[in-house]
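There are two complexes below, and they share subunit A, which is joined by subunit B in the first and by subunit C in the second.
Right after this comes the complex of A and B.
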């Protein structure tokens, strides 16, 4: 058959057209609008007047933006690498099991992941509520002072990070398991013939061969955790929301509570740029470090 | 003998009547945020209304999530012409809504049509729905906070007056002494159950205490000007003192506070009147001690209680004119429900429509009748688009109330921070 490149290209365009149309309508167009909105003093509804860079100039001296920025960074620090390490540890353990036991243990670790965030919030509130939480009875039993975990700033982010890792690591475990299974058995056999210790096998075989998966998990985690909102919102309801702000929460607060769509859009643009920069940096870093191991 | 022509005529007339009645039938789309015990009572009132207006008006009601979700939806739907015909609204949120142009004015003609007037409402309530001399909502109720108390525990400690009210609610020293006596008696875990983990809620108590000193949050567009700062600090100081002396529960969120009180672990509780149905129902089931509710204690110069008002508002749907028939139906809904709001009082709220609270039936309702005297001492939110339930002022203050009420921060420091942030919002 004679290939007709012109026709092929046409078919290709036709096939991707629906996607491009939808993508343009529900992603590109709103994004452009968001950029435009960030230069106005619009409220939640309707347009606003052009105010130039005002919304951006306010940000450096805006204390709540400061809180939101550093809390987000802190949260990323507390979840991305720890979450990945925990998931790797669990999957290394699970992979040693076999048959039904493995399926059972895997299911147990994966279970939290299928819960909606509201249920996760309820579970942990029941556990750690200052007056009625079951964990508080443990504190009492050991004669320790009760700690109002979600009401004190020092405890808030670490606690939410812990809950998040508990909640979401099941998915990373699955990715790691798939990666571990893709490593050929023969390599481990060869390693054991060479009398390699477990640590050496991990360092020289598992870790480098698993690196593509690890970098994938890290990238996904990084992007997801930069956009953290639900847990922080739920756990700080009725607490001290302005101390626990993260970027998306701050956007929500400005737009929906303070009726300042323009200022919210400016923060959203900053977050957008942050995610892009971090993702690109992360990708380059992964590529470089991955190249060394190969 | 069968007269065919007269039968045909009757049938024709009957058909014609039916058609007109079908045409005249108006469906009023209704949104509210009443999800608790009061929501159940409102549903009852709606079905009563529908029964009384069969063939004329039907209310098609939907209950949405209270707070930010409700108000976000209302704002955005009005902007695209998809808002309901009538909705419940907090009086405190009206300044922002008027600013955004999402509410229709309730004109003098409308009030006349409804058969309601300014004289039927308390001044503070009428004022709360008025912006620049125009009304934007019909007040249904006022819902202040009150002091709930466990009669059994207080009686045992000898802290009840002859009329069954708690001792010492007329002064700061008196009330602190009552709390201290309850602590010394040791029969409860906390003398006062207080929503110390929720600054949003505590706004109501603290603003009341400011009102007791004639303090104002906002004067001439400036927050906490002059000695208002000191008055806020005084208010915080009292609550911080109760915490330091171990007289109130710390880091307690809203549901936990109600649970502390109803389980008998806290002898008293400051909470909204909307918890009255909770107590009434539990008491009826024999699961609650003898209880009562009174106006907030006078801690400073005179009685004063923060209140908000549930009101009915007509959204201004953008690009969609409301037909006169529909508007008439909506006015009838607001009028009928206002005039029949005695039942609403069983939800704890104080009906805004004066003739209802003046009625003998209302005066026989307890504890409603005991605390309804506070309508004379009510203060509402400052009139600014930043005010209102779940609004930015609530939010800013909340953040500093929680550390202050739990002994993490000095009241003076909190006041400085609050002033800075409030003024920064404008």
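Right after this comes the complex of A and C.
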């Protein structure tokens, strides 16, 4: 086949031009600016003076940063593994079903994932409402005192984590279902000929063959939950935001509520590096275990 | 397996099926409960006992939400910005994906690495600089300002590249023999062969954009420029303590995406699985 390299490159540049323009403007430029901003004492809008590493040196002594960092870690702990276990359980239940029943049951489990976060917030704020929430009947039933869940610091993170698992689980379920479908039926037939129990079959067949998907789900969840903001912000309204800070919330607070763009950018850089480290580790693990697409 | 064993197995299987179905119903219950509550009159909403269906069915809260809030504006803003994000993301990605998949040009490798790298960067950390940039461009409180920072969806290009890579080379060679231009090959061969992917990616990009909260929340300060996802959380005062009206507004905000999912269930699940790097 005859190729005309010059013309081909020209066409290629035309095709990638819109994409490159958009990326240069809203991805590369802001990323560079974020690093530059983190070395200044600028407010949100308008410049500032170069202050070297001051903004970073403050962080270890900054109590709110401390809260934000550990709350984020706590949130990751409360969502990543529990969410993955719940999703695995759901997909094991759903994959046995067939036809319309499967479609219906999957839709019920998946629907929350499709909803906007503010709708999820309204639904759960209502369900867990201190005075009128239907979930409070469960508290009454077990003879517990009702709790204004999102106003009490000890309850806040676990409750938001619970809502988050409910909201985002559907995504992991889809990945598990795809993984389960890829396991050849013959293996299960062979296992049932050997009179293997359900538990043995799960432990010896399903779990090891599903492991690549499980590790994918775990790492995706880890990266997503490090970036949590929306739910924490919404459920904090009228509560105690300073106790509930997470990393992105702290960036938002410093930049948009305290007008300290420089200090906020330093926090952003820390989160940026955290996510990159996790992503790179993830990428290396994937390579070691034979790649995402098996 | 002997007969007794099989019977025991089937009984257990039926039990697991029943448990799965019951769990699914409990799982979706808060959605049902929100909808039912929004259809009750105020005095029924705050009753101290549980009523799974309203005594008197009323649409007063929907009428309230539609007439006493700016939900009409919010709908228009959400539809316009979500369509904008979808068209621009899918449009720029299909071109870039084709170039990277099929054409040879000097910067091809670095571009591909940039796309893979951007996959890792959390856009949440860019909010400060997006805000400054949009403020400097005078785009705060505009549709363009809401749309632009939402165009970072590298996964759309990655999926397109994978699908274009799989189109058999014979098609391309035959088209080149016929002296077809790259444009014709893209529009007459590659895009038509992948309509399914385009539909799936468009639907999920639309859903992502509709559901976006953080950036639209920062980019807009005027109530009538908000998207519906932000709007329903920002005007507590216009609802007072009327839970049912808040819920009615929430139902209205979730309805379009829920319908999009229920109508295109297979496409949505396909695209979401693809976006995680798994071929469904």
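Quick notes on this structure:
What we mean here is this: the second predicted complex is superposed on the first by the 245 of 294 C-alpha atoms of A that agree within 3 Å, B and C clash if a C-alpha of one lies under 4 Å from a C-alpha of the other, contacts with A are read in each partner's own complex, and residues count from 1 in each chain.
Operating definition for what follows: a contact is a pair of C-beta atoms (placed from the backbone, for glycine too) under 8 Å apart; a residue touches a chain by one contact, two chains touch by 3 or more.
Everything quoted here is computed from the prediction, not taken from an experiment.
Once chain A of one complex is fitted onto chain A of the other, the partner contacts of A:230 are limited to subunit C, with no touch recorded for subunit B.
Touch counts on subunit A: comparing subunit C and subunit B, the chain ahead is C.
Looking at the shared chain after the overlay, A:156 reaches neither subunit B nor subunit C. In the superposed model, A:241 makes contact with subunit B only, not with subunit C. Once the two complexes are overlaid on the shared chain, A:123 sits against subunit C while remaining clear of subunit B.
Of the two partner chains placed by the overlay, subunit B and subunit C both lie in contact with A:131. After overlaying the two complexes on the shared chain, residue contacts for A:256 are found with subunit B and with subunit C alike.
By the touch criterion defined above, A:176 reaches neither subunit B nor subunit C.
Using the contact criterion defined above for the overlaid structures, shared-chain residue A:44 touches subunit B and also reaches subunit C. Annotation: subunit A residues 44-45, 129, 131-132, 256 touch subunit B in one complex and subunit C in the other. Across the complex, subunit A is touched by residues 1, 5, 12-13, 16-17, 19-21, 23-25, 27-28, 30-31, 33-34, 37, 45-46, 50, 88, 91-93, 95-96, 98-100, 103-106, 108, 111, 114, 118-122, 124-133, 135, 148-149, 151-152, 157, 173, 176, 182, 207, 210-211, 213-214, 218, 228-230, 232-233, 236, 243, 246-247, 249-251, 253-254, 257-258, 260-262, 265, 268-269, 272-273, 276-280 of subunit C.
By the touch criterion given at the top, residues 1, 3, 5, 8-9, 11-13, 15-16, 18-20, 22-23, 25-27, 29-31, 33-34, 37, 44-45, 90, 93-94, 96-97, 101, 103-112, 114-119, 121-124, 126-127, 129, 131-132, 134, 137, 166, 171, 174-175, 178-179, 181, 192-193, 195, 198, 213, 216, 220, 223, 226-227, 229-230, 234, 237, 248, 251-252, 255-256, 261, 264-265, 268-269, 271-272, 275-276, 279-280, 292-293 of subunit A touch subunit C in their complex.
Taken together, the subunit B residues at the contact with subunit A in this complex read 68, 72, 75-76, 78-79, 96, 100, 102, 195, 197-201, 249-254, 256, 259-260, 385-386, 390-392, 395-396, 398-400, 402-403, 406, 408, 421, 424-425. The residues of subunit A lying in touch with subunit B in their complex are 43-46, 62-64, 129-132, 148, 151-152, 238-243, 253, 256-259.
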